[in-house]
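Below are structures written as structure tokens.
What follows is chain A paired twice: with chain B in the first complex and chain C in the second.
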Partner chain A sequence: MSARPLETRSPWPARAWLGPLALLAAAYGVVPFIGSTYLFDAILTPFLALSLAAVGLNLLTGYAGQLSLGSAAFMAVGAFAAYNFNLRVPGLPLVVSIGLAGLSAAALGLLFGLPSLRLRGFYLAVSTLAAQFFVQWALTKFSWFSNDNPSGVIDAPPLTVFGFAFEGPIGRYLFALTVVAALTALAARLVGTQTGHNFIAIRDNELAARVIGVPVLRTKLLAFAISSFFVGVAGVLWAFAYLRTVEPAGFNLDRSFQIVFIVIIGGLASIRGAFFGAALLVIFPLVLSRAGSFLLGGRFDSGALEMSQRIVLGALIIFFLIAEPDGLAALWDRLAKRLSPKPNHP
Partner chain B sequence: MPDFDYLFFAEVLVGGLLAGVMYSLVAIGFVLIYKTSGVLNFAQGSMVLLAALTFVSILERGAPFWAAFMITLGLMVLLGLSIERAVLRPLVNKPPIVLFMATLGLSYIIEGVAQLAWGTQVHGLDLGIDDTPFEVGGILISKFDLAAAGIAGAMVAGLTVFFRYTRIGLAFRAVADDQFAALAVGLRLTRIWAAVWVTAGIVALVAGLLWGARLGVQFSLSLVVLKALPVLVLGGFDSIAGAIVGGLLIGAFEKLSEVYIGPFFGGGIETWFAYVLALVFLLVRPSGLFGQKLIERA
Partner chain C sequence: MKTTLLTAALAALLTLTTAHAAEQNFPLQSYRVGPYAAGGTGFFGGFIDYLNLINIRDGGVNGVKLTWEEGETQYEVERGVEVYERLKNTPGIAAWNPLSVGIAYAMIDRISQDKVPLITINHGRTDSTDGRVFPYVFPLLLNPYSETSAIINYIGGKVGGLDKLAGKKIVVLYHGSPYGKETIPIYELLAKKYGFTVQQIEVPHPGNEQQSQWLTIRRAKPDYVVLRGWGVMNPVALKTAQKVGFPADHIVGNVWSNSEEDVIPAGEAAKGYVAITTQASGAQYPVLQEIVKTVYGAGKGNLAEEKRIGSVYHNLGIVNGILNVEAVRVAQEKFGHRTLTGDEVRWGFEHLKLDPARVEALGAKDLFHSIDVTWDNHEGDGYVTFQQWDGKKWNVVSDWIAPDWKLLRPIIEKSAEAYAAEHNIKLRTAADAEKVDANTPVATSK
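And now, the complex of A and B:
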């Protein structure tokens, strides 16, 4: 895994929060007034959901060093759990069902994190695929999860918090933004605490971590649980705010890989990187399909177009890995260092 | 169940073992690359698809069997060489996860190219092996499965001989053992990796033909990687013997569970059963099938 130096600064340095706060102010104060429906529905809302999933996976993979290929399963658990809590417990506030959905995903994450106590690296990564296939099978097989709906596709409930309904593209965007901002702040805080340092210690050297008194087994399971909580809530956002339907098919292996791509391309062990990576992976396919239908639309059928997009996406991923294996966050750091007037470290 | 039907049990078991050989066939391609370069090559499945699709498309255009085989073989060799040059060489000494991601990107490219070039429809593939079952001691065995197992066995034997008795095989083993030491004695890593990827391409071709004849040549052929992965976890990523034994075990248990346990779950358990089996096995016996190899691998 990538070897980023341990952050030794205080977890709440004022300056480090100026940038994100300004960005947040713009996201709340400016974007809703200038954006189009397309921007909210097709770009910003999925971007926010995927960013949150990537932040969650980054806690596990980037910080704690445990590679997981089953993120989409935990997204699915989150989405279906939120739907079922909402459906079956009358009068339960939406925020509570989302929280419970996150906890359900965390519980399952704990279960599928158990192999991490004995397996490492790719052995662990492959074993997390068990979660991917098992969850997708269970959600499709037992129609109870989708309320015996014959098609398995169900409408998401309206997003209502304390009587206020988040409706329309802007409403759903603001809802997603609020959830993502709150949880991202939590994640950013977490990595600066003792628990976050324990994660990093285990990633960098498990034996050394054990020697200095880090409870390795508990910390690994905690990483799986916390990460799954984030990913689960991201799944709720994906289903409720972006797609507005809940179906197992959307949470397939490709989605899991997409989230891993976001984490790797954005930068391991970087909260910021998760957002960079998500932006790239949301915007790029849209640009590609626009460009593709504009340039080749007349000559090729949609199948060929889809294949060409797959090729370009694959090539782009390889290109980014070769050009910047430490991710977009490292690129950003270098840029910031070059632009800052004084030397950062003596 | 009044009486346990041993004959039926044996038939399911044999069917499972023969299916397991097919899993091993794909798993061996992974092992070759993982052993020598430490890369978990997710693109192996798309290589299987590309090989099968190319072969069947050339065959359908009227070329004789051997010509189609040689052309596809040439393509796989070319593919192996260009992957080494364009993807592996720039990423040398990068963390394993970065290389794994690169092979994921690679699998997108190969799948895209294969289907762009040859189309997405399903092709039938007839290798000239008839699939009539025959009876041995009251058990029905598919002739095709037996032939496939024979071909897989021959390939494993060939690879073993190749690894053990040729100079390049020795170089493969040296690189697998210790990359730095291999470099120090003057082995050219890039050339060996190219050779390994070419070998993996050839394994993919054989696997593609056998799987293609069984399932039809189509996109889902690239998903056989998902069948091979639990085999690898069980047998060890770097052990050819492990891939064989793991494949047999997974194949046998998968078929048995499908018949005897599956009905209780309403069927369809084969997507995840192999993974859970591998996991349970490792939780009970963390050192896996082959001694110390499995645990504590970074």
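And now, the complex of A and C:
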């Protein structure tokens, strides 16, 4: 875990919000008018869902220092819970079922966070694997979760909020964008509060945190619950807004690792880093794949191309991490510092 | 914004797709790497080999050249969706053939809006057989329910008639996944109908350890074991069966347990094992001989190893190629010898009738039996046969067997109607099926 200094500025410095607000304005006001359906359905919606999952995991791993390999399981819990709330409680608004889905994931996160009271580091990571395997097994084993659908694969309900239907690639993108923006603002707010400082204190030195009066047990469990809530909602977006189908096999260990990599590559303990990391891991393989098949498609079969893309991607990730072990967020900070004429610190 | 710059670059790449006159395109969501690469290379290799044969030998279908573009999915749903979004605006798409249940499920909404057929040969959603509810989905030749019924009919034949099944015991060993569990109610139904007892045992994914399951089977002493496996589960089942002393010739595999890749790793233990198939293996059929001569002779063969020509997945790809190309041909006779829209090809699939004489004329006699797709029956009454592994190759050991379609149809309709109610779909009629949209050359899915 890389240690970033505890931030002491006020949680709502006006200047820090200008960038994100401008970005949001562009995401709402410009992108929907210029993008193609490919951009929304294949790139932006999965990017948003994975970013949110990474924000969630970053709260747990980056800020509170607890490594988890069970993120995909919490995504699955979120997706299946939202499906079941939506199906079994007639008249329940979609927003409420998404909120309840997040709470279900949080409850399970709390349960699987209990070992963190005794285990640390790699041992904790291994114990969170239990969540990964248990959830996937349970969702396959008990067909009630998929409404006794013979093939176990369920379709997502339409995205309707207060009578307004988010239809089409742009509608789904806007839905995902709104959810992600709201929760990201919440996360950004959270890390500046006392609870966020407690997270960091526990990460940096658990014993010292205990000595200065941080309630270690409660804070750790809170970190698991909040993180799982975010990841669970990300699972809902992944299933409802992106794939529009839900199957347990889609939330396997590979997905958990993907989210961990996003967090590490993007930058631990950085909300911004989650988005950078997701962008790299979602978009970069696509660019490589498109470029590869465009330049060499005629000469090699797609299998050989795919393998070489993996090698290039792996090498680039290693390069990034050597060049900037604190992740893309730190790279961005350095770049911004160099570009701004003079530091604006008191 | 880095994101928008990159995607702008992607969009620029997309617009570079060139348009030619009179071409029909097959976008391929293939998987040549990852855990299921053996199936993917064989199937998509066979499909491409057949399209090449039509192009080289006949100059396309009535002069319309067949083209294809591959996108690697690794059998992962989200990659399949990405490839769909990437390729859906290619001009002149005839049909999609993902050979993956997960990807097919994610595409049903999308292809229904874009009005392009989705072919799930030998697999897919059983109730998509009902063309009233799923106009654009075609589980050609064999859906999971028909497969189950055909296996029981075969075992009935082995014990001397379906009436002799009473009192027999059958164990179904199934993969612990939605795919594996899909046929549980159908085995129960058939057991009740014929009076045999059925015990269904789950093997958790991936299935590389089955000692306890096979000890249970040894205690149960069944007459037959049906293997409904996937991937590594199949050879492990055969090896463990040998260890506990269960004879391989009393194990019957389903369509995803019937390839060379399932038996070769089991070595000696697989000798005598029987499995269902819709297409016989081997390279002796005229159409395969022509592919070897014309396509591989010209150095355009798609398989990296020529010894896989005629393997189960390669032949499945070839049969899939025949069905797609013939659907285009049928539609061309109706709409003209030109590039067709997806909806016109859908009409072609709904009138795809290949009787044994036509199959023989296509050089595929004994490779597969026949097909008769209609607007409301999207499976097309495919026949199956059974092959036995002799340690080196598969040998056909049965006639062409028909599943009990009459028994299954009401179950399929009930499930399809439930889907229609859930999604507010109005049931289509024969008259609706004749209305063809000739103006959707470009995808519009929202």
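Please note the rule applied: the second predicted complex is superposed on the first by the 330 of 346 C-alpha atoms of A that agree within 3 Å, B and C clash if a C-alpha of one lies under 4 Å from a C-alpha of the other, contacts with A are read in each partner's own complex, and residues count from 1 in each chain.
Here is the rule we go by: a contact is a pair of C-beta atoms (placed from the backbone, for glycine too) under 8 Å apart; a residue touches a chain by one contact, two chains touch by 3 or more.
Note that the structure is a prediction, hence the values are computed from the model and not measured.
Q: Return first, second, both or neither, reflecting whether A:Ala315 touches chain B, chain C, both chains, or no partner chain.
A: After superposition on chain A, A:Ala315 lies in contact with chain B alone.
Q: Go through the superposed model and pick first if A:Ser143 touches only chain B, second if only chain C, both, or neither.
A: In the superposition, A:Ser143 contacts chain C only.
Q: Once chain A of both complexes is superposed, is A:Gly303 in touch with chain B (first), chain C (second), both, or neither?
A: both
Q: Have a look at where A:Phe199 lands relative to chain B and chain C in the superposition and call it first, second, both or neither.
A: A:Phe199 sits against neither chain B nor chain C.
Q: Hey, what residues of chain A end up touching chain B and chain C alike?
A: Common interface on chain A, chain B vs chain C: 137, 140-141, 303, 307.
Q: In the complex of these two chains, what residues of chain C are touching chain A?
A: 1-4, 6-7, 9-11, 13-14, 16, 30, 32-33, 37, 41, 70-72, 74, 77-78, 81-82, 85-86, 101-102, 105-106, 108-109, 125-126, 176-179, 181-182, 185, 204-205, 302, 304, 415, 423, 445-446
Q: Quick one: which bits of chain A touch chain B in the complex? Just the residue numbers, please.
A: Touch residues, chain A against chain B: 1-2, 61, 67, 114-115, 118-123, 125-127, 129-130, 133-134, 136-137, 140-141, 253, 257, 260-261, 264, 268, 303-304, 307-311, 313-318, 321-322, 325.
Q: So in the complex, the part of chain A that touches chain C is made up of which residues?
A: Going by the criterion above, the answer is residues 23, 26, 31, 35-39, 41-44, 46-47, 137, 140-141, 143, 146, 149-153, 155, 167-169, 171, 242-245, 247-250, 279, 283, 286-287, 289-291, 293-294, 301-303, 305-307.
Q: Once bound in the complex, which stretches of chain B touch chain A?
A: 40, 86-87, 90-91, 94-98, 100-102, 104-109, 111-113, 115-116, 120, 226, 229-230, 232-233, 237, 265-266, 268-269, 271-272, 275-276, 278-279, 282-283, 286, 294-298
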